[in-house]
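Next up, some structures in structure tokens.
Both of the next two complexes hold chain A, though its partner changes from chain B to chain C.
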Partner chain A sequence: MMKKYFDDLVGGIDTALNKDPANSSPRKLYAREVARLGSRLYSGTEKVAWCGVVAPFDVLNAMGVTSCYTEFIGAMLASTGMVGSFLEKAEHEGYAGDTCGYHRAVIGAMLNGWMPEPDFLIATSAPCSGGLAVMETIADHFKKDLFVLHVPQDESESSVRYLADQIRDMTGFISDHTGVPLDRDVLKDAIEKTNEARRLMEEVYQLARAIPSPVDGRMLGNFGIVMALLLGTPECVEVIRAFRDTFAGRVENRTSGIGKEKLRLMWIQNRIQFRHPLIDLLEKEYGAVVVADELNAITWEPIDPEDPFEGLARRSISIPFNGTIDRRIAHLKKQAQEYKLDGAINPCHWGCRQGTGARGLITEGLKEIGIPVLNLEVDCVDSRNFSEGQLKTRIEAFTEMLWERKKAG
Partner chain B sequence: MISEDNMYYMGIDIGSLSCDAVLIDHDGNRVAATVVPTGARNQEAIVRAGDEVLKHAGIRADAVIATVSTGYGRDRVGHRTAAVTEITCHARGIRELNPDIRLIIDIGGQDSKAILLGDDGRIVDFAMNDKCAAGTGRFLEAMARTLEVDIIELAELDHGAREGLTLSSMCTVFAESEVVSLIAEGKEVNEIVAGLNRSIASRTLSLVKRVASNFDGLPIAMSGGVARNGGVIRALNRVLNRGIFVPDLPDTVGALGAALIARERAGEKTLVSA
Partner chain C sequence: MGQKKGRIGFTCAYTPLAIIDAAGFTPFRLLPVGNWPDQAGRVLHDNMCPHVKRVLDCAMSDDLPPDLAGMVFVNSCDAMRRMADAWRKLRPDDKVALIDLPTTAEPGSVTYFSGQLRMLSDRLSEWGGNPVTADAIETGIETFNTVSTLLREIELLARGKRLSGGRSRMQTLYNRASTEDADTMIGDLRQIIGEAPPQNQSSAVPVFLFGNMFPDPTAYALFESSGAHVAGDDFCTGSRLFAPMENHISGDVFDRLAQQLFAHPPCARTVFPSQPANVANDILQRTRASGAAGAIGHIMKFCDPYLTRMPLVRNAFKEAGLPLLILEGDCTLGSIGQQRTRIEAFIEMLR
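So, the complex of A and B:
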């Protein structure tokens, strides 16, 4: 069923693109690659690995393994409106309703037989221990081997070497399970594509910072974190280039992504994954556009294609969620200043310690540079907990406040 | 022809428990105010509140130049010039009544808010209760029902309490069963009511601290229907360690703010939503 869903999605996008090639939105190309990945995961013929969020997907792609972090399943089920029954299944099995919706959805999908059986799993100890526990649960359920990448919290040289050695070992683990040894030339080619993707992504983010911004509130939603799954592939480069070209054209013409841009916002952590009216409300009623996402950022240097392991390790360690909260706040401040923001929205995803644990410090940190933060209390996956009226009032009051600030100069 | 002498501005605050309307004249003076129960049909409440406030003022509907709606049903007011959130409207209303206020506690029928104002009266930050009616008007209504007392009577029943009772749960449903247990234990009603008020005050304090971790020296006001409850005010005075300003007609502060915004926007000739 899921394979057919993804194939139909790919077919529908292809038809739309063939019908009107001149009007191809980069978001359509992005959606097509996501659907293709979904189709491969459910094909039953590919080597499949379930992974942690900061696994080196370019290495897995270079070794012919279709791989994905498990949270993708939670987000996908939420976006298709089907997540409720899977969350209920997990809750009926004893997973508390106030734990992370991404992880509850994955557990429910696994228990209902909707999770493709992996050949093996590669967990990462970052960004969250909840995700690691889910990976251990899936490995136990399917009786498959689990390799854990222990991601250090700091970027010291010894930490980088420690993780790089683990990634080297990981390639051996993969070979043992696929029967195919690592081809250094293929890996080199994949890393070159990763570097090209990185260069283009930097351009995309640079263009998004323009005033007015060429983005609307949806175009770059989930972009950085999903494109990580495609790193090392030509499709990744193609999709990012399409975004770059579209944005470059808009910036040259000084075209805003939403018509008249009045307020510029940042979305902290992950987006709400199910259909909701809040982004439309912001844009249509208030001219407020989400131009920046916390996770749409390049936090790592180009990787040496000849000797990639330390570069790969640095990349995994560099995510904003890793390390002390000071590091994350510094990242958010930098984003706020680079994008010339008026405010930020933190969904404070229910059950997420990263989303909620440091919200006070994040709010205070951004306040120091004059950026107000709206803390919502929203489950980004579980639409059953979505209280539209309450969230609408918070968002409207926040934009009214930002408006008054702006008017007063 | 309409002259400034007979130009009026209306604010309508359609909340979950009550629908409030305020009419002001061109100079910003409150001419009339009314509070009607929202009931099950908020459209009817909107019409009734509008009609009543016009009747109290003795003016015709066509003398109303602009109407701003607020409250959870603000988008349901058909004849509105603009819809503005209750956070902005309560801030505007309080600023008019007492310009010194820097922190507002608004507890209405189904939600509670803390609003921090800057020196210039603009909103600096705000926080709202989460998806739970604990500590709101609905909560007090449920407790009054359990205690078999009138909601107005409830406001004074804390007098003479000495035990310092607290309720461990603030969930409306669990708190109700806790109150039932306390009744069964033979606790006096005034002790239970004082405990309820203490719990509301404690919950409100955490909301206040979310917008102002240090609120020393900040003059505080309270608006919303729950501000009519003297027991809650007394409990808040204790946890905040100061007296708080409670205006006359605290439940109409949002509607007053809405009317003032209607007047300002009419003056600016920028009658667009937000």
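So, the complex of A and C:
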């Protein structure tokens, strides 16, 4: 069923693109690649690995493994409106309702037989302890081999070497399960594509900082974290280039992504994955546009294609969710200044200890540079507890406050 | 043993007590037992580990030892890392160290952890004003081996119903051993071993208790007054912190300490990649080995490493045909008191 869903999605987008090639939005190209990934995961013919969020997907792609972090399943089920029954299944089986909705959805999908059986799993200690526990549970359920990457908390030389060695060992583990050794030339080519994707992503984010911004509140939603899955592939480069070209044209023409831009916002951590009216409300009622997402950022240097392991390690360590909160707050402050933001929205994804667990510290940190934060208290996956009315009221009050501040200079 | 330079606070059972001792400090576990106003939720989030919140409540109430010379945190899980973050914000003048604990006990991880211990040793040297020597760490290991061995002996007495005061008193000893000077403690523990056993042997039902942490002696008294005899347990505020280290192994002292800390009974946060769900089998085996008629898990609310693995534990017990009761708590006696009826019913069922 899921294979058909993704194939239909790919077919639908292809038809639309063929019908009107001049009107091919980059978001359509992005959605098509996500659907293709979904189709491959559910194909039953590909080597599949379920992974942690900061696994080096370019290495896995170079080794012919269709790989994805498990949270993708939770987001996908939420976006299709089907997540409720999977969450209930997990809760009925004893998974606590106050844990992360992404993870409960994944467990529910696994228990209901909706999760593709992996050939092996590669867990990562970052970004969260909960995710690691879920990977262990999936490995036990499918009786598949598990490899764990411990992502150190800092970028000291010893930490980088430790993770680089683990990634090297990981390639051996993958070869043992695919029967195919790592081809250094293929990996080199993949890393070159990663670097090209990185360069283009930097351009995309640079363009998004323009005033007015060429983005609307949806175009770059989930962008950085999802594109990580496609790193090392030509499709990744193609999709990012399409965003770059679209934004470059808009910036040249001083075209705003939403019409009249009045307020510029940042979305902290992850987006709400199910259908909701908040982005529309922000844009249509208040001219407030989400121009920045916390994870839409390049936090790593280009990787040496000849000897990529230390560069790959540095990349995994560099994600804002890893390490102490000071690193993350510094990252958020930098983004706030680069994007000339008026405020930030933190959905405070329910059950997220590493992210939401730092709610108060993040609010205080951004306050130091005059950026107010709206903490929403939403489960980004579980639509059952979505209090639309309350959230609208809070957003209205927040945007009005921001607008008054802006007018007052 | 010379004059101590003050106390070093810690909060995790993976903390290398021997290094703190070698630096001339007394390790002092900040236990989440006390009556402090509930304030930490606004610093972090209310949906956070109660252990972490209670320790921060304690700090925010300034209810800390006057001679607290610094804090050693372990990055053992998200909540513990956030506790270190919050501590730094709340008490910016405190000396704070955060050591990174690998997720697995693979050889590379042990080597990395050894490096983290070495860094901690350097930091404690700075704090104490004298270099921490390998010899001093060896002495620290011996000291805590003695404490651990004596506690193990008393634990066996408690399990055999030969310790007056039972498991509740045992917990008082664990709490004292994690907060008081080790040398004083050794004398007291030896004295307790020499005590006469209680006259009346109760007919309580043997159960195995497990979970993340369970530091309040009064809570054990509640179990005991409900008809349970604690035949064995596994908490980071108990036997998990005090496991003797094998001292016949040669080699670098930090490597050995790192190996040994991973050889302690594991917290659910530690993953054994070759044996996923190891925690479930481990608890089951230990329950059987203790001769318990069933097990009671007491899990701290919002603890992802344990909560996510509890269904695996439940399935393991179901398949084995062993009764299991799972309780959720928040470090307050009130939360466990509310479960009294369930505990009593479970014990009755086991009779």
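Just so we're on the same page, the second predicted complex is superposed on the first by the 409 of 409 C-alpha atoms of A that agree within 3 Å, B and C clash if a C-alpha of one lies under 4 Å from a C-alpha of the other, contacts with A are read in each partner's own complex, and residues count from 1 in each chain.
By definition in this document, a residue touches a chain if its C-beta (ideal position, glycine included) is under 8 Å from a C-beta of that chain, and two chains touch if they have at least 3 such contacts.
Everything quoted here is computed from the prediction, not taken from an experiment.
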| item | value |
| --- | --- |
| Fit or clash between chain C and chain B when superposed on chain A | fit |
| Cα-centre angle that chain B and chain C span when viewed from chain A, reported as a multiple of 10 degrees | 80 |
| First (chain B), second (chain C), both or neither touched by A:45 | neither |
| Chain B versus chain C, judged by how many residues of chain A each one touches | C |
| Contacts of A:253 with chain B and chain C, given as first, second, both or neither | neither |
| First, second, both or neither for A:23, with chain B first and chain C second | neither |
| Partner chain in contact with A:166 - chain B first, chain C second, else both or neither | second |
| Which of chain B and chain C A:387 touches, first, second, both or neither | first |
| Nearest Cα pair across chain B and chain C, whole Å | 6 |
| Residues of chain A that lie at the interface with chain B and also at the interface with chain C | 360 |
| Sites on chain A touched by chain B in the complex | 285-286, 360, 372, 375, 377, 385, 387, 389-390, 393-394, 396-397, 399-401, 403-405, 408 |
| Contact footprint of chain C on chain A as seen in their complex | 93-96, 98-100, 103, 123, 125, 128-130, 132-134, 136-137, 139-140, 145-148, 150, 152-154, 158-159, 162, 165-166, 169, 324-326, 348, 350-351, 353-354, 356-361, 364 |
| Partner chain A, residues of chain B touching it in the complex | 72, 84-88, 111, 120, 122-128, 130-131, 210, 273-274 |
| Residues on chain C engaged by chain A in the complex (per definition of touch) | 42-45, 47-49, 75, 77-79, 81-82, 84-86, 88-89, 98, 100, 102-104, 106, 108-109, 111-112, 115, 268-269, 271, 273-274, 276-277, 301-302, 304-305, 307-312, 314, 328 |
